[in-house]
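Chain nomenclature is as follows: A, B, C, D and E, assigned in order of appearance, with residue numbering initiated at 1 for each chain independently.
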Amino acid sequence: MDITTVIGIIGGISLIGVAVIISSGLAGLKLFWSFSSVLITMGGTFAATMVNYSFHQLVEVFAIAGKVIKQKDENPLGIIDTIVRLTKKARTQSMLAIEQDVKEISNSFLRHGFSLILANVEIEIIRTELETEITFLQERHKIGQEIFVTMGTFSPAFGMLGTIMGLIMMLAKLEDQSVIASGMAVALLTTLYGAMAANLFFLPVAGKLKRKNDDEVLIKEIIIEGIISIKKGDIPSIIESKLKAYLPPKTRVRNIISK
Amino acid sequence: MDITTVIGIIGGISLIGVAVIISSGLAGLKLFWSFSSVLITMGGTFAATMVNYSFHQLVEVFAIAGKVIKQKDENPLGIIDTIVRLTKKARTQSMLAIEQDVKEISNSFLRHGFSLILANVEIEIIRTELETEITFLQERHKIGQEIFVTMGTFSPAFGMLGTIMGLIMMLAKLEDQSVIASGMAVALLTTLYGAMAANLFFLPVAGKLKRKNDDEVLIKEIIIEGIISIKKGDIPSIIESKLKAYLPPKTRVRNIISK
Amino acid sequence: MDITTVIGIIGGISLIGVAVIISSGLAGLKLFWSFSSVLITMGGTFAATMVNYSFHQLVEVFAIAGKVIKQKDENPLGIIDTIVRLTKKARTQSMLAIEQDVKEISNSFLRHGFSLILANVEIEIIRTELETEITFLQERHKIGQEIFVTMGTFSPAFGMLGTIMGLIMMLAKLEDQSVIASGMAVALLTTLYGAMAANLFFLPVAGKLKRKNDDEVLIKEIIIEGIISIKKGDIPSIIESKLKAYLPPKTRVRNIISK
Amino acid sequence: MDITTVIGIIGGISLIGVAVIISSGLAGLKLFWSFSSVLITMGGTFAATMVNYSFHQLVEVFAIAGKVIKQKDENPLGIIDTIVRLTKKARTQSMLAIEQDVKEISNSFLRHGFSLILANVEIEIIRTELETEITFLQERHKIGQEIFVTMGTFSPAFGMLGTIMGLIMMLAKLEDQSVIASGMAVALLTTLYGAMAANLFFLPVAGKLKRKNDDEVLIKEIIIEGIISIKKGDIPSIIESKLKAYLPPKTRVRNIISK
Amino acid sequence: MDITTVIGIIGGISLIGVAVIISSGLAGLKLFWSFSSVLITMGGTFAATMVNYSFHQLVEVFAIAGKVIKQKDENPLGIIDTIVRLTKKARTQSMLAIEQDVKEISNSFLRHGFSLILANVEIEIIRTELETEITFLQERHKIGQEIFVTMGTFSPAFGMLGTIMGLIMMLAKLEDQSVIASGMAVALLTTLYGAMAANLFFLPVAGKLKRKNDDEVLIKEIIIEGIISIKKGDIPSIIESKLKAYLPPKTRVRNIISK
């Protein structure tokens, strides 16, 4: 579970709420809710995004976002650890000896890689199969980011659009003072909703998806390098140094082999 | 028929209408129509786009947009299926045996590719002819997108321009209170029209054209690969695995050969 | 004469004028003229552009723009037609036989190409000379576009600047009601002028220059290919098919050879 | 200590303060403080940045920024001087003779390079190890810049958001004149805070980080070139001219060898 | 002396002044001066730029800008003329014969090139030395442009910031009518100063620096080509045609050799 995403979004909204309470008391919070404003801002954003992409992509993107945010950050050192440990075991005992360990690997991409080795698949086919999976993963994540950025662009636009609509309605009933307030409320609330949705949700989540994608791709590249190395018959210490070259110098300290 | 485009545009406008009715009742809707505002916003946008492009391109782009949006999403698996099925038939029976099947293929690009094989055209000429068609298709689609993006940029600009004109007219007749309202109405309606046209129509349709172009080009590339493969004499199972490499892993499940 | 450019600009201004007349009657048009506003918006735009480029480039760009817009769109099929026709004549009769025809070619670039062949210049020198001309043509056109885009960026900025100046003058004389109106008029008119100049003239003309440049370069590339082909001694039907490959499939219908 | 960064930030704030005092006297300064405005602008910015990146990266970026700004600009001529001097000593005396000098080198990257030579590590391993360090350094700095640019984008957005919230609260209590002022104060202060944070801190510091990174990478590249050159056995005058080619012509004047 | 830069800047400011006088008389000009507004806009811009770059770079950039603007546009034909003339003299008489002419060449880069030939330096060293100088020249000019663009971005931002500060001060003293005017004056003057500085100075000068750099680099490339050609022993007519290929066709008319 990516806790900073949740803390960031809830924390951001809370801070804004606290600022309102400091200025206007608890009653001030009631001013900031309007159903028709939500309708214009969010409805317009989703409608425009649905025209831009397909409904299928829109549903999938929320699934991806949900999964990615729930997903724990995998530790690359743990992955390297597993690869080196199993390689040593396979060399000292036999390939068959690690079959049970492979089944217990939690990372499904690594498990799939080892199962290809156990099935004695050719090296070029292993590489192609695993790299294709990365390619399509990146493609899916890229569309995910794109959709969030698109929604982060449309939501302030529809917020502004709602504000103009509110002003027009207000101007048409200038004689009725009580309507002015309500008209202006709709007007400004849509801009507020649009700006909050874009700046506290859509754009930062798009950024997080990019970071998570980079992390996941790095780990998958380490795994491919490791699997290919094992298949080639490299000795464990060579594999370890090859894989650790993917990591920043400071995080390489733990010497896995010597354990 | 690309149903999400239509749902998105109509849905977006409806949601905004509902929000107006919630705030101001059905009578509120009347406030949002002004012929001279449409004239300034849409007329200005089309005039500027006509200067930018040629009249011919402007007409063609709406034809492309209409066709592309009406067009059903083709299923790449169906195309691969057809290619593999006909190849098997041609191998077990003869090239002549599939002549009738070729005539019945619904995808015109695939039909054209098979007809080139049947006419015994050389492999390099087939490739050049089919790839040239993709190049010019992409060129046409790219201009289409560009024009929609251009209109999505000009329409808010002319909306703003109309608003300033409305304000000038209003300021000139400051003594006449009834004119203020009408002046402001023109003023703000143009901005509203410009923003709605850009955010619910021009920009999302430009995005959809890009996606449709990507889908169509992918399918046409699969077809070229398949036609070239057949011409080279590859066996059906090789052709199938070559073509399926273009698809994301999950959608490859259906095993065509085994049918 | 590129009629759509003229129609677009005049049509756009007319539409806006009609919208003003619909809202405020013919007298409304008088509100939209102010000499000092023109001075600030256009003068500032030209001054800033003159700092950015040289005076020489500024003058030349209007010459280019004028010429390009006046220029008729050349039909690439006509060019190919001429090349193929003259090649056939030269083959059936002799090189000398086409000397008179060459003098009558209206396209100066094609005429120059043929005259290089008649003068028996070496193939590499022909290519270099003609390609150098395209390079410098593109360079000139690119600067032309750049200048128009620059002016399209400066003109709204100076419009805004004029509006702020008008507001400052208005605020300074708050007691005098009659001055408020005139101050606001200057203020908003400059923004209007800046927006109209940018969106109805500078930016669309920059776009048109780009399109015209692309068309002209395509035709010149066809001519170079043709001239080189003739010099190499290719037969007319080969030349025709080589040159037609530059055109979108649909426009290739006319079979020149068979005429 | 990078003194211009501190002077720039403190100087910028002071100038603005002086301008306020000139206009409104010392009492004017009190108008510009509001705790709830700081909460909305800075809190929102940090919350959104925390969603976008991980908490870990956010903490690290301030460490990097602090270190980079405190860091003295290293003089590349001094580095070249040290490299050439030690090479000469090693050649005239022996590798062992410089062991003590190496320990006293203040630049840790250069010290590490020399220690690899003393440890007789192979040339390719030296190059890989040192270049990997540059790669990860640039990666860290790039994320640092990105985060500052992101905060420079979010802070005006949250400033604007706070202003809209302030306007909504003010409009809701229109009858109470005293609240108007306080509401507007919150409203405009958030925009002010957002703009100041972005333009006097986040964006210029992002720019400075880029410049510092370029300087540091240049020096590290000179060091790598020098260490590799020594390892290859180049004579001191060749090493000096190789390394000085990295510097602009004017700064090369000091002839190190002749000292 | 680049006269258009000076005319552009002074002319732009004059035009705006004339427009003010037309609207409000000579007294109107007094409204547009405020020391504290200059302090906020310009002070803030320089402070932020100083954080972004180093103080040293900031000083140097104004030196570069001054020198570049004062510099006369060099005529490339004159340079080619000199190169060809001296080459002919050296061939007909001797290398020594041109020693005096070389000393009298006004372009220091060309003089340096010839002196390298006279000193009998090897061809590769000549090329490296001259090209290195171009590289560092472009680097210096690029930073120059960057700084001007940065200031052109910061100055409207600080203008806006000053306007908000002015509004806050005005709102705090709502009861005092005389303060409203002065507060608003500060407010809007800063935006005006920021916009004028950006659009009449920083951004156009950045553009001019780019153009001047392109011109200077072209001339220096022609010189390098010429010097290398002479060193290789090419005959004058070949050198002339090589160098003229760098110029647009129309400007090549003058036939230097035939003089």
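Just so we're on the same page, a contact is a pair of C-beta atoms (placed from the backbone, for glycine too) under 8 Å apart; a residue touches a chain by one contact, two chains touch by 3 or more.
Every value quoted in this text rests on a predicted model; they were computed, and no experiment measured them.
Student: Going by the touch criterion stated earlier, list every chain that contacts subunit B and also contacts subunit C.
Tutor: none
Student: Which is the least count of steps on a path of touching chains running from subunit A to subunit D?
Tutor: 1
Student: Through what angle, between 0 and 180°, must subunit D be rotated so its C-alpha atoms fit those of subunit E, rounded to a multiple of 5?
Tutor: So the copies are related by a turn of 70 degrees.
Student: Could you put a whole-Å number on the gap between the CA centroids of subunit B and subunit D?
Tutor: 46
Student: Report the inter-chain centroid distance for subunit C and subunit E in whole angstrom, where each centroid is the mean of the CA atoms.
Tutor: Chain centres of subunit C and subunit E, defined by C-alpha means, are spaced 28 Å apart.
Student: Which residues does subunit C have that touch at least 2 chains other than itself?
Tutor: In subunit C, nothing touches at least two other chains.
Student: Can you list the ring's chains in order, from subunit A toward subunit B?
Tutor: Traversing the ring with subunit A first and subunit B second gives A, B, C, E, D.
Student: Quick one: in the complex, what on subunit D touches subunit A?
Tutor: These residues of subunit D touch subunit A: 35-37, 39-40, 43-44, 47-55, 132-133, 136, 139-140, 150, 154, 157-158, 160-162, 164-169, 171-174, 182-183, 186.
Student: For the complex, which residues does subunit A have touching subunit D?
Tutor: Result: residues 2, 4-5, 7-9, 11-12, 15-16, 18-20, 22-24, 28, 31-32, 73, 181, 184-185, 188-189, 191-192, 195-196, 198-201, 203-205, 207-208, 211, 245, 248-249 of subunit A touch subunit D.
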